[in-house]
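Multiple structures are listed underneath, in structure tokens.
Each of the two complexes below includes chain A, the first together with chain B, the second together with chain C.
Moving on to the complex of A and B:
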């Protein structure tokens, strides 16, 4: 490359400089691919996503190396505010030349960012949000949803638990759309597997911190499984109180948390979390691949080992980079849809999830695992928390395509 | 120009500041990101509406998010489902705010001080739970993918810059309205109520109806701000009705300067700017915000604009 800048370029640059202003407008470099990790870094989802997501994304970039283009990773904290998430996403796509936005937990923010991505024809690879609408009602040809959604959680935890002997259920449900939806979906799978739902206690959300009366109702119902259709701090509180009330003593009742991550189990501690069942699509100790991946990243995030969101950030970034390399950087920068089409046309292959495919509607089909949390006495070391109870193969774990309600697939 | 501004009740200093602000609004989109600026303007309008109550009537409403949020829900819903044009949707948002404000205000103005604040907070929380449960708001997903409805049904709002001029127009219009109200005889009575309510009563003013009118007006403008914001971003979500939003608008007003006409605008710029441009700091963002707020409260007791005004011995 000629290191001397042509004079005309310099002049044009000097003339344009005042126009650039202080808005930190990134120069559009044809040779640089930018990935923006947008998630909660200071609030309730700090550990389930947060900086570990960015670390896993950078790990993928590092392993990918240079294949004719540079890759930059930028991060931002959306503080779980949809308008903030949407405005950062817009600015990234419009001004900072970001080609893909990664992670984005919290369904409302995810849907807002997905709408921006659709409008700008840029890639949004969601690993953090639960809503199945991302590949359903709100689907778009430039969106990929990787790791989990409400349907898969309900099917795995609901259906598989019944098969493992948890035939009668009682729900404690956060009384808003997310909780209700989870309860509806899970009920359907429990009943389809031959189980019974004995009752449910919806509780006002947000603001409920005392779950004692609901727990007593659950206890007196005689159900074998207590299903928690809530998330975050509510799940943690209800589990703690259930243990204090002795619900799980002598194996009378087991708790199934509908949305929980290994990072939450770590926060609770095995003394409290033991016996819980939950679903994830990744666990560091599943096989040689997952162990190898975790060994590579754990020194970078020693207190927060990867959960399925983090693993998906790694695997998704890797697959995205492969697609861009296959397409050529120039074509890739032009169209998000082209990149995602390429991603869908190639089989995914990574240490975390193995070999899988991305379906037409943008959903990654990977196996789902029903885990049970180990007793403290069974745990041999740091983060040794899960035993695998049931594996749902990729073909069965997810919502069938004809039920997804994704408009562009039908067309 | 000067004659026009004087007739609107602008003092010389305020007139200069106003012209400066309009120039900045006109130049800013070519320097900064227009979507960010639109957000600032929406929040600035919201803070101005709030300031009308706290700054000029002395009523601390702790539930302004309800009017802002429902304004944005109604504007978003009507624009999406009825395909209304932008100005009608925004106006409906404002009317929703005013309607809600009439009901809530009628109850709340019967009490003073902290009790007034608590009643507004309680009513706003009711509105929040309604938004959480009602089917039309979409629960925690909110109303998504609201189209940017064309203005007057014809002028396309697809480009950010077009939308920006609309938002800037709405902002300046209602900013002038609030300024006009504050500097009218009606506004003088409001200030009298703020300074000494029993005296205003003894002078024969029906204080309650003045307060209620100001309250409704403030809620109307808050609804307008909410409606505008929902069309800019194409979403209306629970964040807008949450009590944290009520807190944020208090913060903006305090930071900029209570009872100054330009203070809330400055406050909105700072708070929104920090939120947007500190987002890259990750876990440090809330810490930095806290430090800056503490510093502002310690250094600028009257708010930033209030302090500048005091230095220059002018009222801004």
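Moving on to the complex of A and C:
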């Protein structure tokens, strides 16, 4: 016998591996609701989503208790590959009776999964991806986008930076859906506020670790602001190297990290990160509710405290479960749209984001916060990193509905 | 202002220098790979993971033992090199008689395991590691602002590459080593313990990777994926330089760093691809690589 396995078989086996084990059990349990947490569990976005997202989702399930139906949470790693994400989504919805897919960072994967959800009329609650297209061009009646998007980041961080005198920009951009869109949205705000963009270096993602060449170009462009349209490890590396190359020395250039999480600040250390401005919709030390939530989960994820994605996994799951309970499990399992309609009809209420609403196009409208990273001397302990600078109320933080470009809303 | 190809000259000089700095990492890593392949005929896919391990050992020494950068530069390669010796003694040595592919698969699996364990333990966003106090700051070269640490990286890499090259090409130990790869039974007949020689060679190659890891720690974020970002490019460098050619890997490492740096100015989108374009052209024109001997 030929002992060599064909490559295709190996790949198919690897792709299916996360699904093994619950196929048989999944059938014929009409009384069980299934949530699938699909995200990056081994790559650059592992800490911003990853297992902490699943922990926060399970926390919501635990707190919800039993209300006449069982809830199961399953997880898988999409490895930031759109094809793999879509095939897991298909498998989950079709064969494993999963009712809602949660998280899904990486915009390219999110758009692929959203297309599958739309086709199957199943719920996709996105908390991890940035693309505003999830509630725009790619919107669907069964999709909810919770926590942040490119428009909100561009408006909050971009707008505030121009106001503070940062009128000329140079972008370093991850060259894929997310980076391009973030750059486009930020450019619009910069120009609307009277600023100008002097240049950009779109770099290949993933696989770029050295940004010094782009930093040097940014420096020689004479721009006042370095706009980083990237995320995770790339942002960390860019900032580390920008400081190393003296870009920020004597206030010559300021850095606007267009998407940055508390986990990235933790990776940089306050020595380097101090003074940076960034936007999140959640911070653990914002109010009594956020502190109470963090206290409940931090023992389960001691090295990775929740950021806005994790908080949205908790809050979104909670709201989803309330909607299912309100609708009745039998009706809920039939239609994703029915669940999302119910979610939109009820006000959200949770420890992380407070009381908010989900708009017609599926966008959660919550306040956005512009934070500044503390100096090492101001920080009282681990994870004490942010000072709140500007709070944008829910009504102003997001793209207006008439600009969203969501087809089914117009109809 | 003086222009080169439509770009201001200072910018171009700066880019050339940056290219050399990145090339220093490529050279250091591909050197280790070339030694291991040249002597053991093992395609060491675990090289990136061991590079990462070097950075993590340095970070751990500082975090848990308060031991700083300079001791780590010596100690971390020794610790990781010893780990390499362990891998060679327990696993890799069983594959010498088999096809190269088996070595590749084994080391690839090892890399996945090492990186997976590191991710599980430390997460993926990385750990901060500061530039040592003596090398902080920067000098103004007129055409660019050069961080002192980056200058140090180039010097350290050039010195280590030269020493390694001399040790292999110009000393009696190196001669024995080269003879052992040509004809192991004959060298053994002269009373040389060839298996031990091979074990130590693997350890030394791995130590080079770890040394690169410690050098990289203050510049790049110390995270479990840092090696896998480098490894594919470094393999391309080894192939272009000629598999197993020590000089080839050093020269090609620096050269490709410069090519990549210039691409980042003219067409940044292609900066990840340009090395592979060069690889295709070189392989078509000289299948054994620039410095390789056709076998």
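The rule we apply is simple: the second predicted complex is superposed on the first by the 327 of 411 C-alpha atoms of A that agree within 3 Å, B and C clash if a C-alpha of one lies under 4 Å from a C-alpha of the other, contacts with A are read in each partner's own complex, and residues count from 1 in each chain.
Here, a contact is a pair of C-beta atoms (placed from the backbone, for glycine too) under 8 Å apart; a residue touches a chain by one contact, two chains touch by 3 or more.
All of these numbers come straight from a predicted model, not from anything done at the bench.
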item	value
Which superposed partner A:288 touches (first chain B, second chain C, both, neither)	neither
Which superposed partner A:82 touches (first chain B, second chain C, both, neither)	first
First (chain B), second (chain C), both or neither touched by A:244	second
Touched partner set for A:201, first chain B, second chain C, both or neither	second
Touching partner for A:42 - first (chain B), second (chain C), both, neither	both
First, second, both or neither for A:112, with chain B first and chain C second	first
Touching both chain C and chain B, counted on chain A across the two superposed complexes	42, 46, 50, 175, 204
Residue ranges of chain A in contact with chain C within the complex	42-48, 50, 175, 201-204, 206-210, 212-214, 216-217, 219-220, 232-233, 236-237, 240-241, 244-246, 263-264, 266-269, 271-272, 303-304
Residues of chain A that touch chain B when the two form their complex	19, 21-23, 41-42, 46, 50-51, 74-84, 86-88, 90-91, 94-95, 107-108, 111-112, 115, 131, 133, 138, 175-178, 204-205
Partner chain A, residues of chain B touching it in the complex	30-33, 35-36, 39, 129, 132-133, 138-142, 144-145, 160, 229, 233-235, 237-240, 275-276, 279-286
For the chain C and chain A complex, residues of the former touching the latter	8, 10-11, 14-15, 18-19, 21-22, 116, 119, 123-128, 130-131, 138, 144-145, 147, 149-150, 219-221, 223, 225-226, 229-230, 232, 261, 264-265, 268-273
